[in-house]
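Have a look at these structures, which come just after this line.
Presented sequentially are two complexes of chain A, the first with chain B as partner and the second with chain C.
Here is the complex of A and B:
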């Protein structure tokens, strides 16, 4: 069993902390799925039900590409919407395609928590001790938190870089460096080092630049390929980007946040909307309170929780005269159309500022 | 010598050009079919503009491009500004109608709505995924019914009892249209129904959730169809303006934008140069980016379409 290669679907840059985690809690070789390309999506779409949400197709494409490169243990998690069914359906599709593999779900009885993850990992590495597991779970969370903090800094400043690609190149270097982390101290050292390096990159940022909040579904928010690199493309117009969704938020902060969110959105929402629906309503209000210039709402085609949230968000924005545009991504979206709308948004916000 | 500015709007179906002076007055304008070849269309457009152009009196110091081929043509003409059609249309229209509140636009392949308040765009939307209810749909249905698309509007007006036609999707609309024709509905009723379905489809898609306030202006190629204009008026219960220069608003807007850019020296000679575009598929990863290269007299002047550095094509 220890020779079997483990693989898992991509989610933005988080393949690095997940790789780090798995390489310490199992004895198997770990394979990060090949980078997402158009081919990944084509493969995923080909074998997925047509009307399933977009992340399902990307995940399935990742699995197929990993299997083709020799992986034989596939990991999948789940969450509060259709994401909870991904694992079982994908496992069945891949089995029907004739692949031979072991499918390990972090979910148990539709729940995802440290206990269920431990149970799942035990099935791969029976000798895994609780202490070792907990230590690496914590350090991995720490690494995720460090990366999220740096990514936040990148989003705020990448639109103002003096030398083009300087942020992207340093980010690449940082990720490959983090991949080689050992323990907490080495992660902390790397975090401090790259924080300093990023802050030393020359930027040309005016004091009152345009600010846009990107809200919406979690996968399209975090996996930039699936949103046609919307943050990068927006930042190009000299805009500061704010995004709430990241793994630090989803895995840690979110569970303590429900009451706060309901309070913030109390004029509009009485109950949860499923997945991040309520969060996005509260974020809309937050962005308005913080005087942001505009909001971009993104979701994959067919995302039910966000479809429920959109009319509420639309109403809030109308009442407060907050400019907002919506994007719904699917496998057929053209990136020219997205760029046209983003440029129009940037123009519109600039004109509003002049008044 | 007076300074003037050239604005070109290269759409999927037609190419529009204007030359304006510093007061935003249109000095020359022209309107031709793109015929699937934007470079050739622009050359023809420039030739016809040049014919009337008074070179003794005027000098073009700014060039702007907009429309779906804006980048290609902008590169070739070395334009001072390349702008998306939403901004260009808004600026062009506001310059002519300062108190306009809503701009409805239906073109060959796209449709959009722009909401304006105090001369500033406050909201906009553009059709996604599908070209239902745009000009290309109307012209293909005109062919099916064997009438000239130019007569569409006037025939629609003769109908007193427009047929109901499914408006959600082009494919459904088409099969519904065939069905209604086979059932024996009169041609003018079907045509009037089609016009209504275009307006309804527009309001249910791009117009969804948008507050449409007067004054309303209707632009784009389809605005020349009086049947659709009437359909909008009856659905919105408001007056809809159609400007005779409505098709030029995008070109006008981008010409106005060119006024704020650095001055260049534009020469009509460009029509004599030979431009070729070649699409290359990058095979360095499975993304297979489609890279467009543009050559001027066989010398590479620009290339784009690559997602990463590896696909960059240089001289």
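Here is the complex of A and C:
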């Protein structure tokens, strides 16, 4: 068992903390799936059901590519809407394709919590002690939190960098450095170091710059490839970007947030809407209260919770005269169309400001 | 003035119509049900939601639109969770708030079932009784009588469908959510066509009660209704000649579950039909015809083989 290579699907930059976590709680070699390319999506779409949502296709593509490179234990998590059922269907599809592997799901009864993850890891590494597991789980969460904080800073400022690509290059350096972390102290040191480095990067930011909030479904928000790097492309027009969804929010904050969200959205929503639906309604109200210039809503094609929430979001924006643009990503969307729409949005917001 | 409660003929109506209608009848409340689904209703419904929404949701919104000026209260059920550790499609969670925000002038009857958060079916009815001004005991009695009536109806339905399993003709299991199966735009034409071809079409909604089911087809499935469908496939598999899966475009749970069913069940031929709002009957009937031909040919061959042996 200890020679089997473990692999898992990509989710933005989070492959680094997940790699760190797995390398400490299992003895197996770990392989991060090859970076997502057009080919990943093609492979995934080829073997996916007809109208399944986009993350399924990316995940499946990741799995196939890692299996081709020798992985034999696949990990999958989930939760929320359809995402919780991905695992079983993907496992069946890959088995029908003739691959030989072990599929480990972090879910139990459609629930994801520290207990179910421990149970799943125990099946890979029977000698794993609870203390070791809990220690590395907390340090991993700490690392995720650090990365999220730094990435928030990047989103706010990348549009105003003086030297092009300076933020991107430093981010790459940071990620490869974080990959080699050992314990809490080394993570904390790295976090402080890179925070300082990022703050020292020269930026040219006016005080009343345009501000846009990106809301929407979780996978397309976090995995930039699947949204055709929408944040980067928007930032190019000297725009500050705010995004709420990240793993810190989804794994920790969201559980304690329901009452707060319902209170915020009480004029429009009485009950929970499923997955991130209610979150996005509350975020819309939050962005309006904070006087943002516009909202970008992104989701993969056919995302049911968002489809239910969109008419409500639309109504709120209409009442408050808030510009909003919707993007629905599928495997065939070309990025030229998206760039054109983003440019139009940026121009429109600039004109609105002048008035 | 007499109160009128409007009930849309869509989504969960088909599953719970006996219970709901009997409950309101027991309380002497007049109900009005929207007409059968037609093209106009679908077009109207589509204008209220996003293009990508599933056909069933569009149909529901169309029915609500039809009812909005014809009643005092709209009955919009929000069924979020029926059993612990199980879920419903998020469309059912969103119904109440979606209707409330789209049709602002309508009064809506609160009906919320969410077992995970300790709101059971009776709590939902209790809220209705409170809103309409009935005492606890009156509501309770109406609910109990309606429940008894529903149980009897379900038993009759179960007997009717299981009798079809002993029919000498071709037997096809038609698997779909009840709101698709009995809808006059989606499933009804298919059922009628099968009947005209002298085929025993067994409808998939033959649960006897509300108890939790388990299925061996999938171990991690958590959608209550899809679980029930899988259970019925599993139970009847040895008595039928073929399976027809009907789904609306782009149904979230079905997209994954039907894929798994097709991949796991190899012993019986399966036809997978997807309906959207401009599906023409001819295309579907052609596919049904060829599917039936295949089944007939298969059956003839197997009886011939038996005779030779």
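Heads up, the rule we're going with is that the second predicted complex is superposed on the first by the 355 of 355 C-alpha atoms of A that agree within 3 Å, B and C clash if a C-alpha of one lies under 4 Å from a C-alpha of the other, contacts with A are read in each partner's own complex, and residues count from 1 in each chain.
Everything that follows uses one rule, which is that contacts are C-beta pairs under 8 Å (C-beta built on N, C-alpha and C of every residue); 3 or more make two chains touch, one makes a residue touch a chain.
Note that the structure is predicted; figures quoted are calculated from it, not measured.
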Next on the checklist: Both complexes share chain A, so when I overlay them there, do chain B and chain C fit or clash?
Outcome noted: fit
Checklist entry - With chain A's C-alpha centre as vertex, what's the angle to chain B and chain C, nearest 10 degrees? => result 80
Next on the checklist: With both complexes superposed on chain A, which partner does A:352 reach: first (chain B), second (chain C), both or neither?
Outcome noted: first
Checklist entry - Of the two partner chains, chain B (first) and chain C (second), which one does A:232 touch, if any: first, second, both, or neither? => result neither
Next on the checklist: Going by the contact rule set out at the top, does A:38 touch chain B (first), chain C (second), both, or neither?
Outcome noted: first
Checklist entry - Which holds for A:328: it touches chain B only (first), chain C only (second), both, or neither? => result both
Next on the checklist: One more residue to check, A:344. First (chain B), second (chain C), both or neither?
Outcome noted: first
Checklist entry - Which partner, once the models are overlaid, touches more of chain A's residues, chain C or chain B? => result C
Checklist entry - After superposition on the shared chain, which partner residues are touched by A:49: those of chain B (first), chain C (second), both, or neither? => result second
Item to check | Minimum distance between Cα atoms of chain B and chain C in the superposition (Å) | outcome: 7
Checklist entry - Which residues would you name on chain A as touching chain B in one complex and chain C in the other? => result 311, 328
Checklist outcome for this item: chain B residues touching chain A in their complex are 68, 83-87, 118, 120-126, 128-129, 209, 211, 285-288, 309
Item to check | Residues of chain A defined as touching chain C within the complex | outcome: 49-53, 56, 81-82, 84-89, 92-93, 96, 105, 107, 109-111, 268-275, 277, 301-302, 304-305, 307-312, 315, 328
Checklist entry - Within the complex, which stretch of chain A touches chain B? => result 34-35, 37-40, 165, 311, 314, 318, 321, 323, 325, 328, 330, 332-333, 336-337, 339-341, 343-344, 347-348, 351-352, 355
Item to check | chain C - residues contacting chain A, complex | outcome: 48-50, 52-54, 57, 78, 80, 85-87, 89-91, 93-94, 96-98, 100-102, 112, 218-223, 249-253, 255-260, 263-264, 274
